[in-house]
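What follows is one structure encoded as structure tokens, with my remarks underneath.
The chains carry the letters A, B and C, assigned in the order they are written, with residues numbered from 1 in each.
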Amino acid sequence: MVYALVGWLSFRRHSAYLAASIGATVSNTFFGFLRAYILIAVWKYKPDLGGYDVLDAITFSFLTQALIGPVQIFGGLDLAQRVRTGDVAIDLHRPADLQAWWLADDLGRAAHAFLSRGFAPLAAGWLVFGIVLPGPAQGAAFLLSLLLAVLVGFGMRYLVALAVFWIHDARGVEAIIRSCALFLSGMLMPLVAFPGAVGAVVQALPWAALIQVPADVYLGKRQGWDLLAAYAFQAGWALALLLLGRALTRAAHRRLVIQGG
Amino acid sequence: MVSTWLLLARTWTRAALQYPATLAMLSAGVVISTSLDLLTIVIVFLHVPRFGGFEPAGVMYLYGGAHIAFALSNVLIGSADRLGEHIRTGNFDTMLIRPVHPLVQLATEDFSPRKVARLVPSCLVLGWGISRLDLSPGDLLLTALMIVNGTVLFCALWVLAAAAQFVLLDAAQATHVITWGGEFTVQYPMSLYAREFLYAVTFVVPLAFVNWQPSLYVLGVPDPLGLPGFVRFLGPVATALLCLVAAAAWRTGLRHYRSTGS
Amino acid sequence: MIQLSEVSKTFPVRQKTGRLRRGRTLVTAVDKIGFEVSPGEFVGYLGPNGAGKSTTIKMLTGILSPSSGRVRVAGLDPSRRRTELALRLGVVFGQRTTLWWDLPLRDSFALIRHLYKVDQRRFAARLAELTELLDLGPFLGTPVRQLSLGQRMRGDLTAALLHSPALLVLDEPTIGLDVVSKATVREFLARINAEEGTTVLLTTHDLGDIERLCRRVMVIDHGRVAFDGTLDELRATAPADRTLIVDLAGDGVLAGLPDGVRLVRREGPRSWLAVPPDVSAASVVADVARACDVADIALREPDIEDVVTRLYRGSPAPA
């Protein structure tokens, strides 16, 4: 199938940038340490904050650094650039679905990012702090959650990329959305540490599905029916965002046909 | 060199102003992302009364000082970070054939006034911290000197990071550890970190002299490493040494520069 | 203006030597090159891709420092005194612009005036002059990214000449240009060289540039100078067949071809004959005219492209 090939080619393309992966991994791992020390200071004082213990908090720091690559929390979609330059017209006239094409491409990228950049931060955290490592069942549960997180992340970045069709110069919008994503996903501070109603709200937003939920699954905080609820939460947002993306793709297509790019 | 920097920065600013809405949004993005760091600190203080042994005012003093120094250095020379990219595109060759020091050109390439926006939340935070602390005029003077010294120190780190990119090229992101990672490190009280790490950021990459050491003096807090009192004032020495290292690294990198492809 | 002696440039290259092992090998891009260019010369620098052309240019402009040997440009060691040299040097890369992408052409020029410290009066006069020569007027206010390739190249040429450099180095300036733009650029370069005495060093793959502009040609291959001389000498080094085009009157038959002359192509009454360098064209014409009824006859000198192709292939010149 063509989409499987697109995904595989994307994986291969990203494999060519070994040095870039190493550079990013060094940086991701270093920040993992800094974030761990900050959380240690908080959890030493409140050892069961948000249902986490100190080791959970430390694990959270390194795990979420490992997720930066696959979930692409800092980046956008290359599609945005193609919309900007007008090259997207070529993509839209291919006998393939634009969204599915880019989803396949993004899954290939995410798989590569996870394999190349996912393990070093965890290994460093394990060596220095002895962070939590999941058993096989837990690990499998986490991988499914990670896949859903990648889908949600793609859903959001796809919408931002298509927004370029309507917003003349979207760089500013992208910057703001990125900053918010960082905070609302739990990258800066676990969402479990957010107070009361604010905490409840941020945990219901789609960004929670990117980082906080996979981390909770990894740490074994979601078990049994609760695990299914976590999946349902992620899958629900993924579906909603992807459907919205489809609607937007159709609108973009119409716009392109009318205005000729 | 200064006048050339100003000229190039002004020209790029004019180019950026052609898209005022984008510039406003980008500036807002910068302010928001900096403010979210602050929100993180606020959340920390919801749970703990003291962070790294400091009350909110002390933490904000450290945070503000660190961020102002970093923001200033970022305005001055932060774009040097993109050397790897300029080498890949061949743009760096163009810089080398102009009669201006390549670092000045790197520093101003694509200069955007949005970087200045970073200063807004940082200054507010430092102001708030100072208003809560009982500082003497001497302390305030020392604070100003600390920021100047911190700015120069960060500038040296940008140059060092750029020099490393001559070798690292595609792995340029690893150099973020000493620049963006440096900012992240010094924005919190360093007493949070492990002793080994603290030694490393004092004696290897002297980040502790951006704000930590002088702040210990201003805030009247003992050094967790127990270093003697005169170390609080060694900032300029550390900065001077780092500048020498950065200059040597830059020169070595440039000598070994191999232009790309055709 | 330019002096190179025994100049080499080697790059260490990491290569896979085994399944996991990696060895470092030295690749020699330029191998003990030596040549001189005097003020006022117009020199074409030719060579196939990867021959060391760009590496030489980059050493001349101070972008790369040589691994060994001595380079002097305008009396300066380029890599050590790059900034000083930049003031006496104009450089144009055909593949990329030295202008600022987002700035209007006029602002780019104003910046260059400051960077090169050209005083306002001289700058105004020079810009007016170049604007007229290159017809920049219509797009002076356009950001560089919106210019066509030809317009951009004219902008780049102006930028390189605003400070009236003594030496102009051009790396494939006509690449990708349409016929009209090419002609404009060539005419302009010839004029700058003739009227202002600017020394010009030009690398190109377009032999039309060489034929139209260069009194002296250097061919570099495998990092060494394979040829250095005039265009005519170049032709003589690797002589190629001339072509005789014969139109017969009526439906006569071509006859009387002397030994060594081959019939290459035939279309209706027209025939193309290949005349080897050692056969006199005049005698061939005489022979053919004697043997059959000729309506018209024309002789074409060998294409410089044929010559250079043979030189690149290293085919030995017949004695």
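FYI, a residue touches a chain if its C-beta (ideal position, glycine included) is under 8 Å from a C-beta of that chain, and two chains touch if they have at least 3 such contacts.
The shown structure was predicted, so the numbers you read here are calculated from the model rather than taken from an experiment.
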Most centrally placed chain, judged by C-alpha centres: B
Farthest chain (mean CA position) relative to chain C: A
Most heavily contacting chain pair (counted by C-beta pairs in contact): A-B
Distance between the centres, which are taken as Cα means, of chain C and chain B, whole angstrom: 47
Chain centre separation in whole Å, for chain C relative to chain A (CA means): 52
Distance between chain centroids, defined by C-alpha means - chain A, chain B (Å): 28
Chain A contact footprint on chain B (complex, rising order): 19, 21-26, 28-30, 32-33, 36-37, 39-40, 43-44, 46-48, 51-52, 168-177, 180-181, 184-185, 188, 192-194, 197
Touching residues (chain side chain A, partner chain B) in the complex: 17, 19-20, 22-24, 26-27, 30-31, 33-34, 37-38, 40-42, 45-46, 49, 168-169, 171-173, 175-176, 178-180, 182-183, 188-189, 193-195
Touching residues (chain side chain B, partner chain C) in the complex: 4, 7-8, 11, 14-15, 18, 89-91, 93-94, 96-101, 255, 257-259, 262
Touch list for chain C against partner chain B, complex: 11, 49, 54, 58, 61-65, 79, 82-84, 86-87, 89, 91, 93, 95-98, 100, 102-103, 107, 111, 114-117
